[in-house]
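Chain IDs A, B and C follow the sequence of writing; residue 1 opens each chain.
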Amino acid sequence: MIDLQGYGPRLLEGALVTVELAVLSLILAVILGLLTASAKLSRNRLVHGIGTLYTTLVRGVPDLVLMMLLFYGGQIGINMLTDQLYYAFDIDIFINVDAFVAGVITIGLIFGAYMGETFRGAFQSVEEGQMEAARAYGMSPLLAFRRVRFPLMMRHALPGIGNNWMVLLKTTALVSIIGLTDMVRVAAEATKATHEPFLFMIPVALIYLLIATLSEWGFAKLTKRYNTGFGESSEWNN
Amino acid sequence: MEQLNGWFTELLSGNLIFTANTLSFYWGGLVTTVQLVFLSLLIGVILAVPLAIGRGSKRRWIKLPIYAYTYVFRGTPLLIQLYLVYYGVVFFDGIQDSIFWVVFKQAFFPALIAFTLNTAAYTTEIFHGAIKNTAKGEIEAARAYGMSRKLMMRRIILPSAFRRALPAYGNEVIFMLHASAVASVVTIMDLTGAAYYVYARFYAPFQAFIFVALIYLCLTFSIMFVFRRLEKRLLAHLRPRA
Amino acid sequence: MNKWITSALLAGALVSGQILGQAMAQDDKDTVRLGIDVPYEPFVMRDADGKLEGFEIDLGNELCARANLECSWVEQSWDGIIPGLLARKYDAILSSMAITPERERQVMFSLPYYNTPSVWITARDRDIDIDDKQSLEGLSVGVQRGTIRDVYVTQEYGDVLDIHRYGSSQEVVNDLQSGRLDLTFEDFPIAVDAIDFRQDDSPYKQLGDSIKTPTSIFGKGAAMAFRQRDKALAAKFDKAICEVYADGTFDKLMEQYFDYDLSVRPSEADCAQ
């Protein structure tokens, strides 16, 4: 076996941080994406404008710059707000934006914008007839969303979600720069201490490839699941 | 409110931070970023054309290594690729004494190599997809003219594929611009590096990073504008006619 | 579908739970959190198990014991160390921070507890005259970003040297060793520890004199930094610093880590307050 010079356990811990960060950010991104898609499809011009501004800004600025802004500036911004609370209402709270939370929020915010585009396309591709049929059955709007629109939409959204997830996974590497100890940071520290870049960077690269390959397999399964009843000739399946 | 006001007036007057000196840092950063991104995209495209053709080859010993290359480079973070090249080249025995050291001594070239290999992998896949989706009719027509495979590739398939690859390639250009921000971790004073320096020197995260975000935003919009214009001209034949 | 909603809610709860959890932990007023940039050998480093050790760790723990405070250490990269203090991520910085006028606008300093010069280092076989500015044209120099040495080099040599700024001192040393850098401008103890330049058989050597001036850049020595309003806390540590100097604890600690003198004995007037 390769000798990781005592860094093995820390690398594994780092890998766990990477996975946790990626999964939590994905969940936040999906929630934000659904909200953004709704905002962009809204007839209310203000809501629509906010949605558009959000996606444009996020997609025009590098992830790393947004992350630094949020991590270094976010804490000061939040402190300004809590200071106001203290002066106005005598409520003394302190909200700590640590590297992990900043990472989840930034990555979630960034990919929320991309997810928003994915979901918007997917919402639009659901035929209105299906929803009308659902209403005709007397389903409440919420039930109709859950049982009809959401599963139908997922069929169209899944390939986009899959792509976003792959990019998101790689974006997590950036948190190592703002000081979160993910596996890239552990590998970078080990490289600097031992002068053995290949020994640590290549295993980390392999872990990324492994996660990517596993996710590809998982998304193939999910696609099949949401594809039920639509035959083999659907557009993403060729 | 006082704090917010103070911060705002400081941002507006801003004379402590945005002096001619720091602005020259941003300007130098802009030049470096544009150079780095432009060169890596250019070399990346030159590499990607033969790779994309090879990727569609029927011969496995050509196809598989190229697929492995794109799979690895698209499946791992650019940051790791950058670290590998930057720290990796140093440990080849004797490189310090070879003529290559002139090149690798600076941080710019390791970064350029990592960025080029990365964008070449993505561009290969984009071109490969476009080549694969060439309309059957175009190929049949070329065959009917008695064109050889080589001639057909040069005259028919590639020009048509490049046009159709344009929107996806435009995204790749923007992606590369944004990804280039990681160059700052290996001491390159690109735009992000300049912002990071101004931040570390003046402890002013908002001013330093919002300013640089606006510059990136302008660059992104310019790239988008250029590609929209190009698409309009080159893809006119694909638009539904009214 | 239900699973989706549940997991989404769970994630929301997790994130907010973490934020709240940290908000609550904050109220524990008896512990003082000290921010430090790791590694900065021999002042601070991690042993194989990831535990912090080094001169400043020992000194910090000693000071806390004397001030009757429960202390914990928070790791923070140098770039973010002052914003982190102002942002209340920790209550004081104990991280070889030099007192400079620029920083005094942001934070309040304790009495200085040590003072060291900065030195120019290059490979032993290189022939460089640091005082002949013209001859330096195009050479590369490495410094840690945002340090007094960064300020000095940028101000005095910005027009001739190609300045590489790094996030940590370790990276500077690495690139000097790899041959990427022609020169570094380092804190004396860091240079001694990392490349042992004082030995005749070391591949590196010092150029010119050790540098401590101008004081407007290099300051009066390294001190703890506090938020401006935490005067009582700063006073406690000032008293502790006077004590460790007075009873010889500082010297004992110093001898453990260094074979040279980096003390700045506080004056009686400073300690009388």
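Here is the rule we go by: a contact is a pair of C-beta atoms (placed from the backbone, for glycine too) under 8 Å apart; a residue touches a chain by one contact, two chains touch by 3 or more.
Please read these numbers as outputs of a predicted model, since none were measured by experiment.
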Item to complete: Could you tell me which chain lies farthest from chain A when each chain's centre is the average position of its Cα atoms?
Response: C
Practice prompt. Tell me which of A-C and B-C has more C-beta pairs in contact.
Written response: A-C
Practice prompt. Could you put a whole-Å number on the gap between the CA centroids of chain A and chain B?
Written response: 22
Worksheet entry | Cα-centroid distance, chain B relative to chain C, in whole angstrom | 37
Item to complete: Give me the residues of chain B that touch two or more other chains.
Response: 185, 196, 199, 205
Worksheet entry | Per-residue multi-chain contacts in chain A, two or more chains | 72, 76, 195
Response to the item:
Residues of chain C that touch two or more other chains sit at 83, 86
Practice prompt. In the complex, go through chain B and note every residue touching chain C.
Written response: 90, 96, 101, 105-107, 185, 187, 189, 193, 196-197, 199-201, 203, 205
Worksheet item: If you look only at chain A, which of its residues touch chain C in the complex?
Response: 6, 10, 23-24, 27-28, 30-31, 71-72, 75-76, 79, 93-96, 98, 100-101, 104-105, 146-147, 150-151, 179, 192-193, 195
Worksheet item: Where on chain C does chain B make contact in their complex?
Response: 78-79, 82-83, 86, 106, 140, 142, 145-146, 150-151, 164-167, 175, 178-180
Worksheet item: Which residues, counting only chain C, touch chain A once they are in their complex?
Response: 1, 7-8, 11-12, 14-15, 18-19, 22-23, 26, 48, 50, 75-77, 80, 83-84, 86-89, 168, 170-171, 174
Practice prompt. Show which residues of chain B lie in contact with chain A when the two form their complex.
Written response: 1, 3-4, 7, 71-72, 75-80, 83-84, 87-88, 91, 174, 177-182, 184-185, 192, 195-196, 199, 205-206, 209-210, 212-213, 216-217, 220-221
